[in-house]
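Two complexes, one shared chain (chain A), two partners (chain B, chain C).
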Partner chain A sequence: MNQNLKKINIYSIYLGAFILILPIIAFFINAFSFRWFYPQLIPKELSMQAWVRLKLIPRQGNRTLEGFLDLWATNPTVIKALINSLTIGFVVTIVSIIIALPAARVLGLFNFKFKKLIIFLMVSPTILPPIAFVLGLNINFISLGFSGSFFGVCLVHLVPIMPYVVLTLTGIFANYNPDFEYQARTLGANKFKTFYLITLPAIAPGMVVAALFAFLVSWSQYLLTFLIGAGKIMTLPLLVFSTASSGNPALTAAISIIFIFPAILILFFTSKFVSGESSATSGFGKI
Partner chain B sequence: MTEVNIVNLIKNFSGMTRPAVDNISINIRNGELIALLGPSGCGKTTILKMITGLLTPDNGDILLDKQSILSVPTEKRNVVMVFQNYLLFPYMNVNENVGFSLKMKGDDPKIINKRVQEMLELVKLPDIGERRPKQLSGGQQQRVALARALIANPRLLLLDEPLSNLDAHLRDEMRELITSIQKKLEVTCMFVTHDQEEAVLLADKIALIFDGKLQNFAEPKEFYEKPINVSAAKFFGGVNFIELNKNANYFHSSIGNITSNQTNINELNTKCIATIRPENIKISKENIYQDNFFKGKIKSVIFSGTHTRYKIVINNLNLECSLQSLGIQNIKKEDEVFVNLPKDKIWIMNE
Partner chain C sequence: MNKIKIFICYLIVLTFAKFSFAEVAPGFNSWDDVLGKAKGGEVNVYMWGGSDAINGFVDDFYGVPLKNDYGITLNRVPLKGTVDAVNQVLSEKEAGVTGDGGNIDLIWINGENFWTLKQANLLYGPFAAGLPNSEFVAWDNPAVNLDFGRPVDGMESPWSSAQFHFMYDSARSNYDDMPRSYAELSDWISANPGRFTYIRPGKGGFVGTRFVKQIFFELSGGQAQWVGPFNQGLYDQWAPKVWELLNSWEKDLWRGGETYPKDNAEMHSLFANGEVDLDFTQSPRGAGPTNTAGTTPPTSRAFAFYENMIGDFNYWAIPYNAPNKAAALVYANLVLEPELQAAQVQPANGFCCGWGISTAKVTDAAGQAAIADAQNNLGDAAEDQNILAKALVSDIAAEYQDLIEADWEANVLLK
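And now, the complex of A and B:
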């Protein structure tokens, strides 16, 4: 009985994974097919036309190294959007961690008046729909001259990101023992060396998880980029939306693959820190 | 080899009605091993933190070899602390842990390796250099922590409850190791503990602290034989207290007059308290005593191996007496006995 239950459990996990992967498989077929419509089960004809239209792959007969380089030198929109998304993602990730680190340390290590209220205020952006505050924010940003700028978009991305980063890092510091730092100080390590040799190794796994959250939240941000960027800052989610509304499934699928690929790559390399056994969520506590 | 002077040290914390450390002065000679003893919350750890520089005193001074260290940052004081839970750095192996302070000084790696090996041999763990802290037992971790502290040649070594995390059989071993190393390297050493046994076992001198105030700073023996007040006596296991009224050359109490050999009688107030260790009280069925003897009744007899404890009541006063079980007289519960409080063993103090 127990054995059977275990089998059922395993199969249901496989089924769940399959259901999650199915749309991604459909993306891949769509991106490399030509006019794949209902009721065809598989596409009649495979084609690179979507990738050619995105100016990522040269036209047939021109697919040499030179052809590729010449094409990419024209700076296609999708590459511009990819670079924008990556840059904004990296900048807000680093900035959010630098801002969150001292806050998380205080929230994790100390108890003080109104601590719960402060945590609630910090988490509130996750409850509040972005549309509720971004329109008001937009007016302020326009008057400050941030609207339509790279800086403005990075700034507004920090709003939904900070709760995740602060909470993840707070969890680490809740199990962190600052006496390790005092010990290092009495053994002759100055403040910088103490941070570098003692604090950083203890919080690094948690910082990876926080960075992952930060990057992925920024990566999938549509509304905030759209409104604050005022159409001047083109990122991948914006491109996906505009292509999808133009009604070319192959093109949409191709952009979507470019959109999800970096996210999957990052998840793949950081997954060991996210699992329950890692010390990411425990600081020094479990070591 | 460092002389340590703690001068009128005061530390207040906001939200506390009394100072955490209230005007404490302690002078420690070269190479002495000192215990700061007191119940938890008495301010002893605060004193350690001020010596290491993790806290700044509100008033007073800390001198090492007559020079104030208050303006020196923690990492330059060369005052090393061994924490109660050892705090070996988990991302480093034993060699790296022990060599940490030398690496911070920027010493040559070859010299560091040699010194690390020397230190590990000193704490009798020569072959564990490659291991990680979590692969070590509690006792081993503490020895590594000790080696890591001593390698820096600290001017003052601070230990936080050095024996309290260890099993009974490891305690003895560790006590011998600490005292032998401390005498060998002649390092001045100070440790805090709430356990009077730990303090008595290790220390040359004990500073007893209650509520941030220094009660007494003296050799361990004195705390047993000549306690400064009732709470100090109780902290060291004193159970027998007799209220006295001072007269010209004797003391009056509810059980009769008591005489004493004590020389500082002039310093005592009219109302004072006598105490005597249970093992110094003598009892007998016949009256064989010259002075300080009283008639009492045995309330209970508790056999505890080498010693037997008797609870005695004299008038309304309860006393406890502990006799060696070997060669014991046949004294039972409810027996009438003569109780002798030898006048060279009784100690009289102000309340």
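And now, the complex of A and C:
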């Protein structure tokens, strides 16, 4: 009986995974197909044309190492956007954690007046749709001279990211015992050593999850990047949206693959921290 | 004697002053002045980015000569819709950004978006007549000097042109069986139930609005009376008849007229997947561009009605606070080069639009040869250019567009 239940559970996991992976398989078929119309069940014509149009793969007859290098040296928009997305994602992730760490420590370890209100204010960006605040923010950013700049885009990405990072880290600190730090201090460790040897290892899994949230939220911003970046800071979501309106499924699929691939890669490397056994996801403790 | 000398000097100074203040565009005394100030800078071009063929064309055919011949770096910014760029300029205005403190140097624009910016005094100019290549533009043609019935006044410079007509699949239908008027289309729809639909007039569906606008022309006996300022009485007289015709089609439309494609990309997809048998195109090359891109079957061809096929021009405009006005002028001039105009019509280059210049005004041999070559290469996916030219009518005042979109929803979609 128990054995059967286990079997069913395993099958349902496979089914779940299959449902998740199926659309990604469709991306790959689409991205290498040409004129894939009804009633063809599978595409009759396979083609690299989408990748050629994105300037990632050279035209036929030019596909040597030199051809690739020459093409990429022209700095195709996709590569520019990929680099921008990655850079913004990393910068924003690091900055958000640096800002959130002290806040989360206080929220997780101490009780004080208006704590609930402060937490509510901190998560409010997740309730408010971006369009509600970004149009007003845009005018402020323009007059401050942040519009169209890398700095401005990073700054505005922090708005939707901070709630996730603060909440995740607060959960960690809620289950954290600062007495270990006092012990280390009594044994002669200085402040830096205490942080490095005691605090950091204890909160590391939570930081990885917070960083993952931060990066993925930044990675998928369209509206904020577009408005504050004034179109000058080209990121992958901007390209995905403008390509999707072209009605060319192969092209849209190809650019979507480029869009989801780094996110999947990062998720893969951090997956052990996100699974149920990790202390990072063991709930929000006593906040 | 002395007084006379002074007077003559005064005259000479005046003459020179007049010469040196004869600007080619506000802030620039001569074209050399423009070229000098543009050198070494960049130009931020904001344009609808939904066509990778157009994107690629701009990068390859403008980006390279701008860099090599003028020392200008092209920064093309793809938009989901031109209105995004308009909103950006409006925001900058509200934030008090003036001079050359803006972000946008050029916007690919026409119609309502142009009028919004022009009316709010948010455009730089007049500059169009000062461009050296302006000599090739047919400024005396109302289709060029009026944009959706609104005077251009040199505040935008043309790039290319488009004309509404249709596509069919030669593997499924015959050219000779195609309808040539709305009256014939009505018969075609009842003979082929479920095989036709049109783009929902509305946001993003201006091609559908155009399709409906042309019905007004046919039912009222021609486009001529619609030219000029907006006329509510004329509209009210014909609108009920148009809604009546469209409602009479409904039961024989794709999915019983319950839903309509929202833009031309969706329409192409329905056509390519065999759900409907007719499609719309705006390209003078007919089915050529979509056949090349693989979004329609390779056997797709074009046909036009014999009358009332709306054509229009699209333009480049420069915002009042453009950071690189000189480079923007160089770009607006470059796109009118006869050889580059021929390149955009040349099917192999993948661009989908037509001439922005009047080819008859080109006199040098190289330009003429390039033009002739492009015209000879239009291919069999295009409709006979004489039929298109005979059916060509200009678009009308922009007020009609908003009215038709709102009334279509009330009287056809929600009826």
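Quick note on the criterion: the second predicted complex is superposed on the first by the 269 of 287 C-alpha atoms of A that agree within 3 Å, B and C clash if a C-alpha of one lies under 4 Å from a C-alpha of the other, contacts with A are read in each partner's own complex, and residues count from 1 in each chain.
Note that a contact is a pair of C-beta atoms (placed from the backbone, for glycine too) under 8 Å apart; a residue touches a chain by one contact, two chains touch by 3 or more.
Predicted model, so just to flag it, every value in this text is computed and none were measured.
Enquirer: Should the superposition on chain A be reported as showing a clash between chain B and chain C, or a fit?
Expert: Result for chain B and chain C: fit.
Enquirer: So, does A:S246 touch the first partner chain B, the second partner chain C, both, or neither?
Expert: second
Enquirer: Does chain C touch more residues of chain A than chain B does, or is it the other way round?
Expert: For chain A, the partner with the higher number of touched residues is C.
Enquirer: May I ask you to decide whether A:A189 touches chain B, chain C, both, or neither, giving the answer as first, second, both or neither?
Expert: Once the two structures are laid over each other on A, A:A189 reaches chain B alone.
Enquirer: Between chain B (first) and chain C (second), which, if any, makes contact with A:K272: first, second, both or neither?
Expert: Touch partners of A:K272: none, neither chain B nor chain C.
Enquirer: In the superposition described above, what is the shortest C-alpha distance between chain B and chain C in Å? Please give a whole number.
Expert: Taking the overlay as described at the top, chain B lies 49 Å from chain C at its nearest C-alpha.
Enquirer: How about chain A: which of its residues touch chain B in the complex?
Expert: 177, 179-180, 182-190, 193, 197-198, 201-202, 284, 287
Enquirer: Quick check: in the complex, which residue numbers of chain C touch chain A?
Expert: 44, 46, 48-52, 56, 75-80, 84-85, 88, 91-92, 94-97, 103-104, 263-266, 268-269, 272-275, 293-295, 297-298
Enquirer: Could you pull out which chain B residues touch chain A in their complex?
Expert: 52-54, 73-81, 83, 85, 87, 89-91, 100-101, 104-105, 134, 148-149, 152, 158
Enquirer: Show me the residue ranges of chain A that touch chain C in the complex, using the header's touch definition.
Expert: 34-35, 37-39, 47, 49, 53-54, 77, 135, 138-140, 142-143, 147-148, 226-227, 230-232, 234, 238-239, 241-243, 245-248, 250-251
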